[in-house]
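You will see two complexes here that share chain A, one where it goes with chain B and one where it goes with chain C.
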Partner chain A sequence: MESAGGILPWSEWGHNSVSLLAVNDLGKRFGGVQALQGVSFTVQDGDVLGIIGPNGAGKTTLLNCVSGLFRPDRGDIRWQDRSIVGQAPYRIARLGIGRTFQIVRPFPSMTVRENTAMGALFGQPAGRLQPAEALRQADAVLDLVGLADKRSHPVLRLTVPDRKRLEVARALAMRPRLLLLDEVMAGLNQVEVEQALEMVRQVRASGVAIVLIEHVMKVIVGVCNRALVLNLGRPLLEGPPSEVLRDRRVIEAYLGERYARGGDA
Partner chain B sequence: MWGILNIVNLAHGALVIAGGYLTWLLYSRWHVDPFLSLPVDAVALFVIGYALQRGVINRIIRAPLLFTFLLTFGLNLILVSVLLLLFTPDYRSVTTSYSGSRLELGSIAVPYIRVASLAVAILLAAILWLILNRSRTGAAIQAVGADRDAAQLVGIDLRHAYALTFAIGAAFAGVAGGLISTFQAITPTAGDPYTLQAFAVVILGGLGRVSATVAGGLLFGLIEILGQSTPGLGSGYANAIAFAVLVIVLAFRPQGLLGRLA
Partner chain C sequence: MIALHLRLRPSTRRLAVAAGAIALAAVVIAPLSSTDAAQQAGLPLLTDRLWFRIATTVAMFVALASAWNVIGGLAGYASFGNIAFFGLGAYTTGALVSNLRWAFAPALLAAPLVSALFAAVIGLPLLRLRGHYFAVATLGVGVAVGEVVNNLGPLGGATGLFLPILRSDLLFFYLMLGTAALAVAATWVILRSRFGFGLLAIRENEEAAAVIGVNTIFYKVSAFVIAAALTGLAGGVFAQWNSFINQENVFAVSDNVEMILMAVLGGAGTVLGPVAGAVVLELTIETLAGGGSAAVYSQIGLGVLLTVCVIFIPRGVIDFFGGQSRLSLGYLRRTLRETSA
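Right after this comes the complex of A and B.
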């Protein structure tokens, strides 16, 4: 068995054990746009990896490749050392990779509880559940994300922060080992961000590894143990969040070169 | 099917007629009572529908609506041709010992067969409602209809869900055909009006809910009958009037009478 991503210095510390997720030299092109190029990283059990980068850096494309919605043109994605490139999204989901969308996508005809139960009903690696059991498990997840008192609401009546919680709940009901969160904090105010952070910490404490895309730096520092910076589809650098956010190249990518020269932002 | 798969199935009428021929075949060969052959129609058409969706229609599921028109139009031609080869263009009907019997209610007389058909139709609507709202399959169908990407990512096998949706639709069409064969002579090319009517009923009621479709069906039937029985208008105007109402409804309520806006 070959360990993936061995060429790159930052994946060194995952050497002795098999990574939960190992992305190696990923490339994806849309027509003339190289959306991703040479992206590699690994995720171990217990990791919270933050992916940051300016708009159009390829962050969501990266998650779409991992969850199987897009097929990468090159490179490999390994889940517990087995390649999942080319597998149908529902199979990848059932392997234990949950996913939320940046723009929330609940099933509008169902209640909060029913939406959550969909994850339990179809997404669990262990196999088929009956609807009654799925609903029971949904209740437990709704407790965790703080939506328990709104379980019978139709989803279209939920506020934006609650819809984001619902996305997380639906993914958690699948009992994933890895959760991919696409900007769950975007559009939230200070208080709501704090609450969402607390939720992410609880998810991590329950033994789920997390990859999250985020623009709110407080989130990256507050919950991630590593951060990967993408710019124009390429990896810029990876490391502990506090170091990454101080790096001159990152500030340049985000705010422009002039700002970086101006001093410590 | 339309609401979930975004497919206008132009082969719907051919599936109806296929069910009718199966009932006729079972009756004329082995004297199986037409009402007892309905479950056979359902199973046979379910299998055919599943295979059609899985093997053929799934390939163009992300293509524009026009492609689904072309494909199902072609499927309709093939199905009708196969039925012509198997059963010839002769009109066939299922005439049982109770075909002529009527239920007398004062001045009205209703054939028993029509009463039984109504009962079966109510049963089918109830079954469909249960499948869609109380089963695992129904949950998958609803989820896929709402958002196919989100559905895949909670672990739903898209192709299987599509095929089941089409198969259920085909099964119901087959049972309808079996019923039709008990009070109307059928021929392989007789399916087109049913495609048109199914289309009209679904639009009239509104997409996405069994209750809306049932209401649409009842209303469409009533309008047709009223059109037929209005003095001065022959039965030839029945469809014209029914579709005129459809156009008017669409002009004022594009989502259908009981439909919800997406």
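Right after this comes the complex of A and C.
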């Protein structure tokens, strides 16, 4: 695909080359901090794009701009060739963009099932559901993320990994075409990471494109077809995960200079 | 669907419904015994004028607490400005009847419209604030509107506004009861609708609600407008009932605090919580009102009561029957079942 070209994908002539999501030259400043600068990338159907970078690189800010919680200062964000900059978060959600939060944000007084049903009730692009139908769909999603046997638990009784699963479930219940995952595997042990990886693969197989922020390299290599590295708000490199993770600049920025000198990666 | 509905066992529920129906029927029918026709037919006099005054006041606070519950309990925005809607409703009806010589009925219908319109205008900027910022801002609006009205000559200024006296205890009791019923029914319908789930999502986590597709601004303003319309309607009835309104009796911040206390004590976010809170608290206040030093102790008592409730049953007294709280009957029943099994 010519998506590597940058500007071509959202040309009005390119019928087949219209990206699901196209971010172009994005910039966001908080007071004296330039959180994002000159960030561009595209997401096609079927993509799993990993975004990596050290703490403070602007990864979460980027997701917040895409989902409408922040308004970027410059640049454009296009969803199927239409700009979504400045649109309210609920509109962007109903276009088919679901997201999770790194620090989970469940609805605390509701059960797991009710939390998930809220995604189906409000987020589906197709339109309005009755609450009963939303609950039925929630059950199907809970099966997928492995929370089926805890569906009637109050959220406050869930463990951290389960709360992360619930974030994914609520976003999936929206039937999104693009899912933005913000560190859903941080803090999980080896076994849990394997389970979460399997879940992401299943989501991808169901035809949902994914952008995921992750520090766990195993995840980036295991499920992403492309990786974008951010450092201090600027894009450092983009490409296939295995190549990106071998790049000296990435290793220096991300894993530290000492690792770069001593490592044989 | 939602966790906040009362979860009663079917047998308990049937009993509660039956008891409620009998109580409601008594409240609705008893006043009729005081009409001339009933007296001539030799029926016992069940009610006197004092009873009417208290019952009408209780009904008014049921309406006010339930209306507050829509914005404060369901959407989670603790409004200290609902008293402005009450005062505006009262002054709308008052001015139309007193200055423009409208009949009471159309003047009453105008009250909720004016209050709702005002809520929409101030709601758009104010509902961007959260938590105590929202509380303080709405408190300011409540006080400011009262001061403005107090200084408007055509509205009687500091003297207040007098309405032609309409003497019918029965009429005003039923009007307030109707307003209260409307407020409770509105809450019941909202809690079963998509709109209600959206409000609960906003209360529980507003950013999460926004990114799953809830139009948060529209939902919050709508809840504010519904609360304002119901509060304004109660204000309109009050104006004609009392036939005299001024800043002190329709813009009193203490009344706003009372609505909140009633809703929170009874169970904010539930249908029946604010009703229970309003009935119990208002009857207590009315009973203690004439008691001299008892009134002072009652103030202290209310404070202690609020503290105890917030600590032990933060979801209100209604939850005592529902079963989430550790002090609730439901919790006790579950514990007994689990330990005996």
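Annotations for the structure displayed:
Criterion: the second predicted complex is superposed on the first by the 246 of 265 C-alpha atoms of A that agree within 3 Å, B and C clash if a C-alpha of one lies under 4 Å from a C-alpha of the other, contacts with A are read in each partner's own complex, and residues count from 1 in each chain.
Just so it is clear, a contact is a pair of C-beta atoms (placed from the backbone, for glycine too) under 8 Å apart; a residue touches a chain by one contact, two chains touch by 3 or more.
This is a predicted model, so every value here is computed, not measured.
On the shared subunit chain A, the superposed partners chain B and chain C overlap sterically. Looking at the shared chain after the overlay, A:G27 reaches neither chain B nor chain C.
Judged by the touch definition given at the top, the superposed model places A:G239 against neither chain B nor chain C. By the touch criterion defined above, A:G56 lies against neither chain B nor chain C after alignment on the C-alpha atoms of chain A.
Once chain A of one complex is fitted onto chain A of the other, the partner contacts of A:L135 are limited to chain C, with no touch recorded for chain B.
Once the two complexes are laid over each other on the shared chain, residue contacts for A:T111 go to chain C alone; chain B is not touched. With both structures placed on the common chain, the touch criterion links A:G146 to neither chain B nor chain C.
In the superposition on chain A, A:P154 makes contact with chain C only, while chain B stays out of contact range. The intersection of chain A residues touching chain B with those touching chain C, taken from the two complexes, comprises 67-69, 88-90, 93-94, 98-99, 101, 105-110, 114, 117-119, 121-124, 128, 131, 170-171, 174. For chain B in complex with chain A, the touching residues are 134-136, 139-140, 142-143, 146-147, 149-158, 208.
Only residues 1-4, 192, 194, 197-198, 200-201, 204-205, 207-217 of chain C touch chain A when the two sit together in their complex. Taken together, the chain A residues at the contact with chain C in this complex read 67-69, 88-90, 92-94, 98-99, 101, 105-111, 114, 117-119, 121-124, 128, 131-132, 134-135, 154, 170-171, 174.
The touching residues of chain A, counted against chain B in their complex, run 67-69, 88-90, 93-94, 98-99, 101, 105-110, 114, 117-119, 121-124, 128, 130-131, 170-171, 174.
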